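Two complexes come next, and they have one chain in common, chain A, joined by chain B in the first and chain C in the second.
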Partner chain A sequence: MSFSVSNRGDVCIVEVEGQLIVGNRQELKQKILDELEKGTRKVLVDFARTGYIDSSGLGVLVSLAKKMREMGGDLRLANLNDDLQTLFELTKLDTLFQISETRERALENF
Partner chain B sequence: MVSELDIALREAKLAAQQLSESWEEINLLYSIGEILGRTVNFADASRTILNEISETVEAKRAAVFVHEPSTGLLRPVAVVGADVAKMNPIAIDDESSVAARVFRTEKPLLVADGELESPLESLVRKGAMLSVPIMWTSPTGSVALGVVTLSGRRASERFTAGDQKLVAAIASQIGTAIQIDHLVKASVATERLAHEMQLAHELQMRLLPSPSVVAPDAICSARVEPALSVGGDFYHLFKLGQGRTGVLIGDVSSHGYQAALIMALTMSAMAIHAQNSDDPAQTVTALLASLADELKQTEMFLSLCYVVIDPEHGELRYANTGHPHAFVVSAEGVAERLTATDPPLGLGTGTPQLSRRAWHRGTDMLVLFTDGVSDARDDLGKVLGEARVLEVVKARRADPPQRVIDGVFALVEGHMGRVTPEDDQAVVVLRS
Partner chain C sequence: MTTRLTPVEQRQLDVRIPSDVQYIESIVEQVVLRCAARSFPRRHLALNIPVALTEALSNAILRGNHDDTTRSVHVRADVDSSRLVLEVRDEGTGFDLDACTEDPTTPENLLREDGRGLFLMRRLMDHVERFTDGGNVVRLTLRRA
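Up next is the complex of A and B:
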């Protein structure tokens, strides 16, 4: 499990490798908060290499999205696999995030 | 001839004196072993030991200081020749203190009268001072735990190398006693914590209603297994009159104490709101109003599904805020999901919506479970999956609810083997 951070223009892209669960959610939160501290206001979380997100992982995404909106920023998601897409739909969390099928599509409209 | 006799007598006298001194020292070590062996109070043992040492080496003032890692202080625990309550602790980095220096260097120090005098040690020092570190040797190395100081010997008498050796031997025994004291305290604290966690677990389990509260309108069975002693998965049941039954399943977005607090608040708020309306959306809206501040402060959210079954009118009404695993299983074995209409409480901004569908009295079965069940993992990390849980439910759809729950948990436990669950698990099955 790891997170890698890169930048494309003014968008910070965070890739989640493996899982986003109770054991590593704080690490992701801190990484994104560090980016906010540096002035970043656009964050794209890329789940292309993520197999599983638990309820704590969902919680941290929502909490970060809220915080970013309060700071005038935006947090978007991309590349959810079918299971994760279903999870977001079943929990209605898809109504709280802008979710794109690919990274490129997410960046186009950011 | 006389001279040889005198020499022999002097030697015999000297040997007797040495034997007497050694006997005193051996006796002292023996006594200290006994004191430490029978005591459970380290401070009492330290006082007794200090009295024994000071008498043996004829020191009128003495002190045992124990290092307190959290504050970096040497705290006096036993004193001879002064009131321990009047002694101040000494910082281990204090440059003027002999005890602090000995603690830092982990080496004994003999200082002469007038040498290295510190106001911090004035109550336990008069004239020369012998200070010895209390060491604890473990398989990974030795570490200083405190210091013993002795002073106030008869005028003009310095402490000897023999005194130093004796006190060092005793200090190592005190070191062992300090370690035992730490272990006993840690063990007591752990035991107390485990006991309190067990009480919290029992209290939380008592908050969950007995499935029999909805009888005879409904036959229900339920089971909750927290991942920790206390958790965030729960259910609630309400007898609403005219044959109607209210069923709630909830999953707080974490587990442990904070989740248990949200759970308890939800349980008590629902007990009030459920009786005021048979419209699940209104009930959940009222619940959200009760919990909003707490959810905001704790950054938690709550996925729940609240269902009201009205068998007389053949209707099931529900409000589902982000809870994925809610189903009605028909007599034919078709599982229909009670789809969430809103995100979990604490995340959305809207008002929970009402949904309804038909309910076939006596044959339809309501099955609610949390993600700790469907997301249970085996030792290779493979997720059990919702589909396999539903297979068991469908296969037992004609059985009593308890049999269905037993089947689900047997599946979960079989899948997990010896893996410790990472999330709480809850299942509710009801027929009406």
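Up next is the complex of A and C:
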């Protein structure tokens, strides 16, 4: 598992490679909190290269989304495969996040 | 180097791991490999098994054994062409499965960071049981669709 961070305009893009689970969720959280500290208010998490996500991973995304909204920002998601989409639908988190099919589509109206 | 599994190993996995979440991915990988060899559907291999087993293991490590690496978690998997049975045993005192399973999709729970693990386990497996047998055991059963 690894995370890569890049910027497109004022949007910080975090790509999750591998699993987002209990053993590494804090690393993702810290990376995004560091970006918030630097003043970033728009974060896009790209799951194109993600395997699976467990409840801890989902919980971190919820926690970060709440924090970002409190700070006047937004956290959005892109590139969920069918299995990840199902996971978000099962937990109704698809109603909480703005989810785009592709990174480009997410960036178009961010 | 590829290690060839014996016929029994192709069907069963029986391992003890320390209570450390870093072991989870390796266990999941070994179970998924065995299920792939039995032609379980792709969705089971990519979603149902990894997520449900990760939840069972993390519950055992973090809640059952309180993240105490001197305690171990015993994992057994038995797979054939019709179903997968997983047993995850920790050294805790157990819990009431029904009482502890919350619905994370309600408006009051949707924004909570926790509370989705047992719910996902039960939605992704055909059968989930919790019982005491030389430790606290969670048994997950998934029929090959």
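One rule holds for everything that comes next: the second predicted complex is superposed on the first by the 110 of 110 C-alpha atoms of A that agree within 3 Å, B and C clash if a C-alpha of one lies under 4 Å from a C-alpha of the other, contacts with A are read in each partner's own complex, and residues count from 1 in each chain.
Definition applied: contacts are C-beta pairs under 8 Å (C-beta built on N, C-alpha and C of every residue); 3 or more make two chains touch, one makes a residue touch a chain.
These numbers were taken from a predicted model, which means no experiment stands behind them.
When both complexes are superposed on chain A, chain B and chain C clash. In the superposed model, A:Gly59 makes contact with both chain B and chain C. Of the two partner chains, neither chain B nor chain C is touched by A:Met68. Of the two partner chains placed by the overlay, chain B and chain C both lie in contact with A:Ile21.
If you count the residues of chain A touched by chain B and by chain C, you find the higher number for C. Applying the stated contact rule after C-alpha superposition, one finds that A:Thr95 touches each of chain B and chain C. In the superposition on chain A, A:Val11 makes contact with neither chain B nor chain C. For the contact definition in use here, the residues of chain A common to its chain B contact set and its chain C contact set are 21-22, 52, 54-56, 58-59, 62-63, 87, 90-93, 95-96. Remark: chain A residues 21-22, 52, 54-56, 58-59, 62-63, 87, 90-93, 95-96 touch chain B in the complex. Those residues of chain A that touch chain C in the complex are listed here as 1, 19, 21-23, 51-56, 58-60, 62-63, 66, 82-83, 86-87, 90-93, 95-96. Residues 21-22, 24-25, 43, 46-47, 50-51, 54-55, 58, 62, 104-105, 110-117, 119-120, 123 of chain C are the ones that touch chain A when the two sit in their complex.
Contacts from chain B toward chain A in the complex involve residues 251, 253-254, 299-301, 303, 321-324, 337, 339-344, 347-348, 371, 375, 383, 422-423.
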